[in-house]
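Down below are the structures I want you to see.
Two complexes, one shared chain (subunit A), two partners (subunit B, subunit C).
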Partner chain A sequence: MEQNLQYFLIPFLNWEMMLLIWVGVFAGIWVGAIPGLSVTMAASLLISFTFSWDINSALALICGVFVGGVYGGSITAILLNIPGAPAAIATGIEGYPLAQRGEAGKAIGLCTTVSVFASFVGIIVLAVAAPVIANFSLKFAPRDFFLLAVMGILLIGSIGGGDPVKGITAGAIGILISMVGMDPSTGEMRYTFGNIYLMAGISFVTAMIGLFGVSEALTQFRQAGLKSPKQNLDRIIPSWATFVKYLPLSIRSSLLGVFIGALPGTGGDVAALLAYDQAKRSVRNPSRPFGTGAYEGIVAPETANKGAIGGAFIPMLTLGIPGDAVTAIIIGALYIHGLKPGPMLMIETPHLFWMIVSCLSISSIALLVLGLISVKPFAKIIEIPKEIIMPVVIILSVIGTYAIQNSVVDIFYMIGFGIIGYFMRLYGYATGPMVLGLILGPMLDANYRRTMQGAEDQFLPFLQGFVTSPISLFLTLAIVFLVFSQTAVYRRWRGIQ
Partner chain B sequence: MEEPKGMAGNGPAQGTSLPAKDISKYVPETRRKPGELGIALVAFLIGALGYYFALGMTSGKFSSPSVFPKLASALIMALSAFNFVKALHRDKPEESSSLGRYLFPADVVVILLLLVAYCVVLPRLHFIASSYLFMVLAMVYLQRGKKILRAVLVSALALAVLVAVFRYLFLVILP
Partner chain C sequence: MRKLTVALVVLFLFAGSALAAYPEKNIQGYIMWGAGGAMDNVARAITPMAQEHLGKTIIMQNKTGATGAIATTFVANQPADGYTLLFGAENPNLYKVTGLSQIDYDQFDPVFLMMGNVGVVVIPKDSPFKSYKDLIEAAASGKTVTVGSTGPGGLPYVATTMIEKIHGVKFNKVQFDGEGPCLTALMGGHIDAVAVGLLAAASHIKAGSVNGLAMISKERIPGLDSVPAVTEIYEQYAPYLPWGAFFGVFVKKGTPKEAYDALQAAYQKAYEDPKFDEFAKNMGGVKLGLTGDEAREFIKQNQSVSAWLLYDAGGAKFSPEEFGIKRP
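Take a look at the complex of A and B:
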């Protein structure tokens, strides 16, 4: 125990690591805020130039960027309705109306404080219960991931923009677009028409930047001459009472985030959407109706995606299986530095485990300070006249899209999605479900087919699996509940508006 | 021009008291919008084409690669048909609102043309020159030809910051 504490204190006593963490968080906030520039990309870049560094310093910088980056994604979602990353889509649903009311400062302030809280929840769970959760997450079969994806698809009801049929239509088109490219399990080409660019599929980040960024800019140009709202920046740090008011929701959503984050292949994006949906169903008296700027709708996704950071490290540090793309890159970094990630990592190099816990803790403290300092300058961005900011947003979207895989074709796709998104918005088809379809389509397809192959292509054994495995049964019942909770009977019974 | 209800990101409100609209708050309308039947037809066509091309994929088993494309396409067709019929039951659009004006107000047309021009010149002029031209022209147009010097300077400054941060700090390759 004493030994572990010593390992934990290493980064606190090493000024170089401390500095790198703070620099990492600062850079992460900005990287995260730009749509298309992802934490994954930043982490992979860092691997290349920290190659010759000491492993401790490299990990310190990467942890800082990870925490800062996940937070940064929400800033542009709140200010401009353009999520910096898929994990921030849900935040924009409530955050943007708040910015339009002049409450961007308060929204970002709340987002910062609950984010730091959730980040610590993730770290504590990582420190205390990592092996238990890791072993449990390994019990998830393809069928369970399929059920998780079905749960995700049910979120369309929450982010579908009031007309559920149009929301589901958009979601189904998203799933269809996600099928474009080479089928990962058989190598068969689907909807590629012999085009080499279509073989790799259409990146959902490209689609997200177009559907949110460019279409938002085009929609804004319909209202030329309208002044941007003046932001009230008097009280940006939420009061203790406000924090306590949202504490139960914060704890619930961060724990959900930790768990979803710990599942290999799912991360902050799915966690944030599930938490938003869960809040929408369970909060009886939101600060405002959901969709018009409910603070609960910021707290839930923000705590979930920060909790998912600690969660993603759980399978990585205990089993050598990455919880998400960033931890996959960190595993690469460990190999480069001569370490062998896997079940023996915690036994052979316990200092590494405790140092990562410590780096994440310092990153969270840095996030609190740097996040709150940045609230005012960030909120000022929204007051810049639209005729200046929107052309810059379009160019930022171009950089973000090109950065994904250095392809000019992606820029054309992005602009195409921007135009599609503009038409969708005009006719009340929300763009969120389409992105959701693009994210979850491959997960649905791959896991459904794996499960079906496991059942030897027989429908009855396929269905039996849903009730014979305890995890699948639990998830199936959760889906039944999710569907039931969307009915008027349930809402009347619970007294939800 | 009258703004459509239920549109996402309905523009900034003046002052702070106006309620904001977003995708979560959809207000059903009694009148259908110009072109609403058309968009339902386009969605149906996407589903029909999706299904048609899925017929060429390997099929025959429950786990075939064509299962999800077919399911998604069939769902799109069914839902678009529903959306079409629902829109048909609403009142016709106002006589005065033409489809062209509704879809493409002047500002949107100009920005779209600039975007197309940007796509054309980007591979030739590369990122810095084409982005600078796009920003200057867009800003000058949106400011209705006024404050040209501001547009020129702000674009140059914005581009300098973007290039410095992305190219030299984050080492992102620019087109």
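Take a look at the complex of A and C:
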């Protein structure tokens, strides 16, 4: 124990690591805020960059960028309705209307405070219960990931913007586009027309930048010349009473985030969307109706995606299995630095575990300070005239898209999606469901087929699995309830309008 | 007189460019697999040591997609001047038979093959199977044995096909996104066994979170001596071996000899660095250290085993014969 505390204190006593964490968080916030520049990309760049460094310093920087980057994605979602990363999609739905009312400062302030809280929840769970959660997460069968994806698809109802037919259409097209490329199971080509660039599939990040970034910019050009809403920046730090009011929701969503983050292969994006949906269903009296700037709709996804950071480290540090894309890169970095990530990591190099816990803690503190300091300058971004800020957004979108995999073809895709998104908005189709379809399509496809293959392509054993495995049964019942709770019968019974 | 001057100037310029030592500028390196994977780790571990000997930076980028065909095609379309490197694995060996692409290692010269990856059959730690024989006999008795795979052409798929062909058995294959997810599913008890690359499995075998039954190799692997070589159990594997994945660095055919030699020397020196030894040991990789004709030979052998296994199993669109790939 004493030993662990000593390991925990390493970064606190080393000014170089301390400085690197702060620099990392600061850089992360900006990287995260730019659409397309993702934490994953920043982490992989940093790994070549820090090759000759000492591993402790490299980890300090990467942890800082991780925490800062997840936060940064939400800032642009609130200010410009352009999520910097998929984990911030839900935040934009409530955050942007708030910014339009002049409450951007308050929204970012709240977002910062609950983010830091959730990040600590994730770290504490990581420190206390990592092995237990890791072993439980292994029990999730492909069937359960399929059910999680189905649960995610139900979100179309939440982010589809009013008209269910339009929402479902956009979502279905999103799923269809996600199928383009090489079939992951048989290697057959789907909708590729013999084109090698289509064989690689269409990256959902590329589509997201187009559908959210460029199409939003094009839409806002229509309002060029209009005066931007004046921002009220008097009270940006939420009062203690406000914080306590959202505490139950924060705890619930951050724990959900930790758990989803700990599942191998799912990260902050799925966590944030599920948490938003959960809040929308369970909060009885939101500060404003959802979709028009409910603070609950910021708290839930923001706490979930920050909780997912600690969660992602759980399987990585205990089992050597990445919890998400960033931790996958960190595993690679550990190898390059001569360490052996894997189940023995905690036994052979316990200092590493406690040092990561500690680096994440310092990062969260840094986030609180840097986040709150930058609320005012950030909020000013809104007041910049549209005709100046939107071209900048488009340029950043192009750079961000190219940077994903150094592909010029991706830029054309991105612009194409931007134009499609513009017309979708013009005719009242929300772009969110399409991105949702793109994110969840592969998860649905691959896990459905894995489950089928596991059942030797027999329909009956396939169905049996949903009731014989406890996890699957729980998830199946949850989905049934989610659907049932939307029916008139249920609403009348519970007395909800 | 004027003509003579021009001729002299031209001659001088040519001589100048020929004399300028390679490399004059930074080199671009394209990795065909994503960040954090085995290919990426190997490339990023050896390259910083190699560039010290070159005196210029090698800028590493991941260019993924279509099991590496995007990066392979891209580098094949760059000038053959030694300033664009391809960091590639065994995958292009199957592009032609699967119909994925016509551009494979025939268009490249191997600069250096750093590391190999041997297949290993693993089972969960609480599995009812105690030995490789148990597993094969269970499958032969008609019991359903579910194994993980990463799709046609991947190491698990080809290794499983090899086992099926040799023993005349059939496994129920479930496809995952990579070898890591296969192992995760194995640990969770969602599949019964999987044949994966040792690079992915070594740490898990050492920690005892999965059990290694057999190495698909003729010899046991140093550091993991407890896992028997498959030929100790069944001799029928011998004609297919050595077989496994490999990780190398390539340049387009027609690259000037001077550039090729400089790169080859740099990677050779990096390969001999004790830091790389340490890295290979930690990862569980087999050091290859092949270059020139030896490397080409190794690649051909790998291609012939994989392509024919895949074709015989019905996983290939075109016969390897069409492309002059000999049967092993």
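In this section, the second predicted complex is superposed on the first by the 487 of 497 C-alpha atoms of A that agree within 3 Å, B and C clash if a C-alpha of one lies under 4 Å from a C-alpha of the other, contacts with A are read in each partner's own complex, and residues count from 1 in each chain.
As a convention for this text, a contact is a pair of C-beta atoms (placed from the backbone, for glycine too) under 8 Å apart; a residue touches a chain by one contact, two chains touch by 3 or more.
Computed from a predicted structure; not experimentally measured.
Judged by the touch definition given at the top, the superposed model places A:Ile411 against subunit B, while subunit C stays out of reach.
Which of subunit B and subunit C touches more residues of subunit A: that partner is B.
After overlaying the two complexes on the shared chain, residue contacts for A:Gln453 are found with subunit B and with subunit C alike. In the superposed model, A:Arg235 lies in contact with neither subunit B nor subunit C. In the superposition on chain A, A:Gly320 makes contact with subunit C only, not with subunit B. Contact with neither subunit B nor subunit C is seen for A:Arg494 once the two complexes are overlaid on the shared chain.
Contact with both subunit B and subunit C is seen for A:Thr186 once the two complexes are overlaid on the shared chain. Touched by subunit B in one complex and by subunit C in the other are residues 185-186, 406, 449, 453 of subunit A. Contact residues on subunit A toward subunit C in their complex (touch as defined above): 40, 43-44, 47-48, 51-52, 138-142, 181-182, 184-187, 196-197, 199-201, 264-265, 315, 319-322, 325, 328-332, 335-336, 338-344, 405-407, 446, 449-450, 453-454, 456. Residues 1, 3-4, 6-28, 33, 35-36, 39, 43, 46-47, 50, 53-54, 57-58, 61-63, 65, 67-69, 72-73, 75-76, 79-80, 82-83, 86, 102-103, 105, 107-108, 111-112, 115, 119, 122-123, 127, 131, 134-135, 138-139, 142-143, 154-155, 158-159, 162, 165-166, 169-175 of subunit B are the ones that touch subunit A when the two sit in their complex. Within the complex formed with subunit B, the subunit A residues making contact are 27, 30-31, 37, 42, 45, 49, 81, 93-94, 96-98, 100-103, 158-163, 165-166, 168-169, 172-173, 175-176, 179, 183, 185-186, 188, 190-191, 214, 216-224, 226-230, 232, 289-293, 386-388, 390-392, 394-396, 398-399, 402-403, 406, 408, 411-412, 415, 418-419, 422-423, 425-432, 441, 444-445, 448-449, 452-453, 457-459, 462. Remark: subunit C residues 35-37, 40-41, 44-45, 48, 60-67, 69-70, 73, 98, 100-101, 144, 146, 151-153, 172-177, 180-181, 183-185, 187-191, 202-204, 206-209, 275, 278-279, 282-283, 315 touch subunit A in the complex.
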